[in-house]
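Here come two complexes built around subunit A, the first alongside subunit B, the second alongside subunit C.
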Partner chain A sequence: MAIESDVLVVGGGLAGLTAALAAARSGGDVRLLSYKQSTLRSASGLVDILGYTPAGDGPLTDPYGAIPTLPETHPYRTVGVDTVREAMSLFDEAAPTYRGAHTDTNALVPTHGGTVKPTGRYPASASAGLASDGRDMLLVGLESMTDFDAPRAAAHLEAAGVPFDVRGVEIQFPGDLRADAKVTRYAKLLDTDGEVSVRGRERPAREALAARVAPHHEGEGRVGFPAVLGDDDPGGVRAALADHLGAAVFEVPMGPPSLPGLRLEDHLFAALDDAGVSIETGNPVTGFEGEDRVEQVFVDKNGAKIPNTAEQYVLATGGLVGKGIDSDREAVHEPIFDCHVAHASDRYEWFDGDVFGDHPFARFGVDTDHHLRPLAADGDVEFENLRAAGAVLGGYDFAAEKSGSGVSIATGYQAGHTAAQEAS
Partner chain B sequence: MASAPHIVVIGGGSTGVGIARDLSMRGLDVTLLEQGNLTHGTTGRMHGLLHSGGRYAVADQASATECIEENRVLRDIASHCVEMTGGLFVKRPEDTEEYFERKLEGCRECSIPAEVVSREEARAMEPHLAKDIDRAISVPDGAVDPFRLVVANAASAQEHGARIETHSTVTDLLVEAGEVVGVEVEHDSGSGKRVHGTAGARERIRADHVVNATGAWAGRLGEMAGVDIEVRPSKGVMTIMNVRQVDTVINRCRPKGDADIVVPHETTAILGTTDEEVDDPADYPEKQWEVDLMIDSLSELVPVLAEARTIRSFWGVRPLYEPPEVGSDDPTDITRDYFLLDHDERDALPGMTSIVGGKFTTYRMMGEEISDHICAKFGIEADCQTAEVPLPGSEEFSVLRDYMDEFGLRSPIGRRSVERLGSRAETVLQTDEPNPTVCNCEAVTRAEVQDAIEGSGSDLNAVRIRTRASMGNCQGGLCSHRLANELHGNYDEATTRAAWDELLQERWKGQRHALWGEQLSQAMLNYALHATTQNRDNDPADGDPVEFAAFDSGDPTVGRSDGHDVAADGGCRDGD
Partner chain C sequence: MSDAESPHEFEPAEPNTGEEFETVEVFPEDSFDLRPGSDSCYKCSTCDTNCPVAEVDDEFPGPKFQGPEQWRLKQNEEDYEIDDSVMDCSNCMRCDNACPAGVPLSQMHNTARGEYVSESMSKRSVTYWRNRILANYRTSARIASTVPRLANFVMNFGPARWLMEKTMGVTSEREFPAFATETFREWYSREGGAAGSRERAREHRERVGDPVDADKKVAYFHGCYSNYNTPEVGKAMVRVFERFGYEVVVPEQGCSGTPMFANGMLDDARRDAEVNISSLSDLVDQGYDAIASCTSCSMALRQEYPELFDIEGVDEVAANTFESVEYLRIHEDLPGALEDADIDDEMAAEFAYHAPCHARNQGLDRQAVELFGDLEAVDIEDVGDSCSGISGTYGWKSEKYEKSMEIGEEMFEHMEHAEGDTGMTECPTCAMQMEHGTGYEIRHPLELLEAALVD
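And now, the complex of A and B:
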């Protein structure tokens, strides 16, 4: 007998998690299938709403104000600005450690490359680092961490015109971590405040780290570190360091593997557990049955085809990065339901010649009706009970716009909420 | 004339650095000028085949014989640049028996060790070969890293007193009384190592003789002095796979044609190539069909290539030359042999010699011949040493391989570092500082990157060709900013930012030809990492000033610290 639910969400990234949560909050019996590690661990953990217009204007101060000016095909226009606000409220509730909900205005957050980027929500760990905060800043880099060079980042922030003084220093992380230690290794050591050996003496890691920084600290009101400050107890790690240093402590978000992204993923999975969502991870959806409606999907489990049925389905498998959109030399396609993906037939028209040019591939994805149901090439709804959310949607370039998280949350919310209502 | 004649060598490809090394080892005073990075032209755009000569054994036996001789020399003097993979000429059922026999015979006539290998034996060596191949001929083909080889030649020339100038374009030849007496050169960023943002400079360099080793660009140099050099530039595509599908060079055993070779190179395999004459060696179309042809044709030999991931494609331009009276229509008919053009004898223009044609494998022999010629002109008796004296990095290399775990690096990283650095490994990798990996795909550590920066200035593309950093699967997606970080300390922030952008743009150039499947997914990830996470596409440091006061400065309901009540701000106890 097939595994049954009211709403079945395929995909465990930000869009899928939001869809499942929204569906469960709307009273649905919800099941979530997640195959691979979600792209959250590659993302910085910042939750962007909209930082730039498609024409490149920005950084925008008010993302909501700009939404009505977007092209009609943009997913934000599909769901509308009120839905974006409702969705962000759901996110704020599910991720209580995030900040930024007190205002509609974007924040500018330092990047590990040393510039600033606009974002709508930021983890509490990054909140003391905002670039519109006038306090002077000391950035601390770890000599063996090649992703973040604090003196270079400081000089780069200065070039970006930040309204405060900023310096960068490099220190060696106390203890005997090898040069290629993973970020989780640093984080665990700080979580547990484990003993590290400093000049033959054992000292707790947090105190030892602060002691390495202290001689360089010249009274700046805030001290920033690469995002390695704890996994299970980041608040405790920051508080301890802040206490030792007598300054606010923050993290600079980093690239993959991203601890803030992983922490967000943990929060959202916990929220799904609380909401009673049934979650299966590690196995791919490889096929489906149905004509005008999706009747069931098949999960491949060690070669066995396990049917899963539901009233309503949400496709949240991601874009090109998450492989929710795939391609070969001839064509671009959506691999599970074979939903139509518009693209030029000549693959040399998929990209621009400039590295940051206007890339058509960045907007690859399914087009939908106003209920987020994917449309076939002829404009008809592909399946009456299938909705798409997140990066599998076409028509927007999340990287240039800095809109990825917001679109995932808004469309995930809308798809999950509507699916649950339809199913009941 | 000073104590030794001063020779200006134009062209920083394999031929130019080969000549510069040879002449400087013989005691001549040498200046080498290259318009881009070392290997900027054809040398940096080849498939990395160390020819056994097998490819020319039927149609061009003079070239074949030179190849096998030089193949043996390079294994010796450039061991850290060469991987002796061996090669196979594979016959499919539709390829003729007659050609197979002629190939075998030709190899033997040219003293190229060649053995017939059965289908079973060939497939045991290379399991990805097609099931229906007939048989193969094994030959001593190899893989060679052209970047490493050229950098090592340049380093050796420098050790012998040569001046090496990259990013220095010759804008005119100085001709006085019907004789070439020097060059006018424009340095991109002042003389010496390239540093972004420093002002350029013009310089007139007087020379006792000028050597034109500019390959496909030789005609341009000729024009400056009013002589015709009929180089016939011919482009070829090469497509890089993300892994080595084969560990042996795989050639198709049929008369010359397109898409007939796979060369394993470091972590990749390179598919080649085409042969099509172009008008301008710096500006020619790069087409989709050429990439598709590589994949479609070569998957007849190695079927997994049809579904494999390619990481980029690039084109190179062969500097083919034939005396004008030969008049071949088809570039594939033009000899791969090289020609020394003494413009005094040929055009009554003393003071300059050009070297044209030839191929990478015989670069050293070309250098020797032209050096002999120049020494004879000046009545200098000095023996060529380049066939015996190992290049920097290749001295006692076999001994060093045994010590590769000594540098505190995980063994795969240590192994790859030592393979690249050869006998220089100890000098480069011994450090008291932390030595983290900067490029994970190619296992390049900070110490190696710093060594390259010392050698090449702020130019990250020059660092790339020396180390292979950013040349792996992710094509710089994860390490471009790290490489920019490594520049800081030596160079200011604006310089590092310019170098970073230049690297991103260069990496994009070749990836565009591989944008489908896995690599399109990778490209989108890279775009997201650079644009979303780093805002590299809209960096206020590069653009208009931002009004910081108009943005969120933090949540007023969360306590603002004055340095004391910090836990509430810097460390919210509710975690994160």
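And now, the complex of A and C:
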């Protein structure tokens, strides 16, 4: 026997979660396997679609308008612009606290480095921080959180020519937290409005934090904090701070570990639960059986090989960072199904000499047919019932284009949807 | 030294070329080399966001420090002593499941804690003996269960508990679990032992039309708790497995080691591991699979043993150990069997389910909800992904009790919101905490399977 489903998705990132959701919505009995916890908590929580062209032009105003101009090998061209729109609607439905769906135009969101990122969707917690908003801005950094230097971020934004005045100040978070307190520690204190000690007196954390900011607040219409404002009740935390400060409050998305990413993960897992998807994390898929079709895959649990079988499979294991694509000194490969990954035989041709140059490795991944089925070196379909989605796909440089989330959502949607149709 | 200052000898253009150096044997031959794991850590801190202790305890530096960072400090500073904060780690092992780079965090914590206890902790301190007694729960349980009624009285007798709190630092806030008047093992032999189980398994095979001689046999690792405290879980395991045609043998066994790992008592853990591996590997060689009903026991056999002990047969046992429901889910058509099952009237119909932390690395944290979610007669609700807070012996320590309850608060709230007033979990100490925080009766998934499938 084996653990059975109609559609089996391997990978728990944005592509895998979207594939599983799309497949379940299309009526399939779906199972999702992820080696570890979802990697979304390593992501900023911003959901980009396309910020720049592959040639580096941008920031783009209308990502959808630019899709038809992309090279034919780009995953967006494989699925087509209509699928991208359908996929984004599925995302919007699954992530109710996300904003940006009202327009095709990219939003401009300040990052913790003080740059401005073009993005398709952003968490509600970031909405009062948009760079297109004319209200003056106060950025508040926390002394112990070295990832966000508020005065420097403010100076960067000013230099970028934002249409408002922006200042950055640094304060100490109230209470006696350790210098390396975890983002979850701040979030828990603010969620529960727990007591913190200020000059020997116990005060609720939200009020005490606002009191630390107040002396620096010179009437700016909005105040931004690093993204630690609550995990379970971020809306409540922002509202309370806004009330105390008399200004709109927003979060600046941060690097990993990221609470906005964690909250997005919670939304998507809740959507999968509602859709009846079976989920297992903790152990890797390490092998499979099958010739022209994938018959079953094996989850390795400390040496035990647990068979999982399905009609259709989706490969959403990520790229070079997520280990869905692996390399050694000789070659680049896809470790589970050994799908073909095109690359130069000389590894010195895998990268460009310039750090920010046009690196071939950034586009490493599997090539597919129009149904997202990986292709072998000779151009034949590797397995008739295997589709690929997200960063495991080749042909695009998500970091340069700012297209990582959108490609994952669009190809995950397409792969999951088609897999479920084929399976029924 | 800050990261910004670079060591003077280092010349980026010509990194130390031509210099002679001798290779040194850094790692004693009998220790595990944790260097690759340490090198894999790229400091993303995802582990820290999963740590239930760091979320409430301002003294605790979190798993990233306890694991890879402390391991490095240990290599570079000759007189480096393990930081005593390693004793505040509850060994929930959530960081393992969190790490995107596969760093063996809990292995690092276990080895560091073992080293701290053996080298830096006074063997004459009350804390050491308190921890040792808590860690060796099986020893106390074995003695207590020879006089269960007396033990139940004494262990929850107010003045005795006051004394334990004052002298030993065992919290008097909790009620000690009751000892059964008949242990699981006593019941199993009364039912005819292995021969009786074989007989019943054959009857069930016959009933469903399977070959009577089918090669379906498992070795049950009941652990301490199912034996001394909740034999009904062990009985349910035997009855459910026999119902699917499995013969169940109950081999000689000690404690899985879970409470010993958490208290850094690695010698005690190894002593019992040797017994367990020896009896289970013989059975594995004969074609048995090892089945545990406690997710911490299965975790110990599967992951902690091979990570900590170089005992012959340890890998074979790990690869052939399963949690009970997981095993049936792989080998039998459980959803099919449950489809038209009736539930005994005595069993509750609504459950607030909590997934034990130790179920997570094994990929089992959702299986009960997914399995029973399809049952018409049963409502089961997941009470969220927080830790229960007790983490075995952690919540029994006076100085940890408050934190333990603070960690558990989220779970208690979700339990109160869920329908019904019965809880469900695979872990005996999570069950203790669930009961302590809400007053609910707590069941094991096997008990519900028994109520659904066994006449």
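As a convention for this text, the second predicted complex is superposed on the first by the 423 of 424 C-alpha atoms of A that agree within 3 Å, B and C clash if a C-alpha of one lies under 4 Å from a C-alpha of the other, contacts with A are read in each partner's own complex, and residues count from 1 in each chain.
One rule holds for everything that comes next: a contact is a pair of C-beta atoms (placed from the backbone, for glycine too) under 8 Å apart; a residue touches a chain by one contact, two chains touch by 3 or more.
Every value quoted in this text rests on a predicted model; they were computed, and no experiment measured them.
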| item | value |
| --- | --- |
| Which of subunit B and subunit C A:188 touches, first, second, both or neither | second |
| First (subunit B), second (subunit C), both or neither touched by A:176 | second |
| Subunit B versus subunit C as contact partner of A:256, first or second or both or neither | both |
| Most subunit A residues touched (candidates subunit B, subunit C) | B |
| Which superposed partner A:310 touches (first subunit B, second subunit C, both, neither) | neither |
| First, second, both or neither for A:205, with subunit B first and subunit C second | neither |
| First (subunit B), second (subunit C), both or neither touched by A:299 | second |
| Which superposed partner A:279 touches (first subunit B, second subunit C, both, neither) | second |
| Which of subunit B and subunit C A:42 touches, first, second, both or neither | both |
| Which of subunit B and subunit C A:23 touches, first, second, both or neither | neither |
| Footprint overlap on subunit A, comparing subunit B with subunit C | 42, 180, 256 |
| Residues of subunit A defined as touching subunit C within the complex | 1-3, 36-37, 39, 41-42, 176-178, 180-185, 188, 256-257, 262, 278-283, 299, 301-304, 306-307, 322 |
| Residues of subunit A that touch subunit B when the two form their complex | 42-44, 48, 51-52, 56, 58-59, 61, 96-97, 99-100, 102-103, 105-108, 111-118, 123-125, 127-128, 130-134, 143-149, 151-152, 155-156, 158-163, 172, 179-180, 219, 221-222, 233-243, 246-250, 253-256, 260, 263, 319-321, 323, 326-329, 346-348, 350-351, 353-356, 359, 361-362, 398-400, 402, 404 |
| In the complex with subunit A, residue positions of subunit C that touch it | 44-46, 48-51, 54-56, 58-59, 61-62, 65, 97-100, 102, 302-303, 306, 315-316, 318-322, 329-333, 360-367, 370 |
| Subunit A-touching residues of subunit B, taken from the complex the two chains share | 288, 292, 295, 408, 410, 433-438, 446, 478-479, 481-482, 484-486, 488-489, 492-494, 496-497, 504-505, 507-508, 512, 515-517, 520-521, 523-525, 527-541, 545-546, 548-558, 561-564, 566-567, 569-576 |
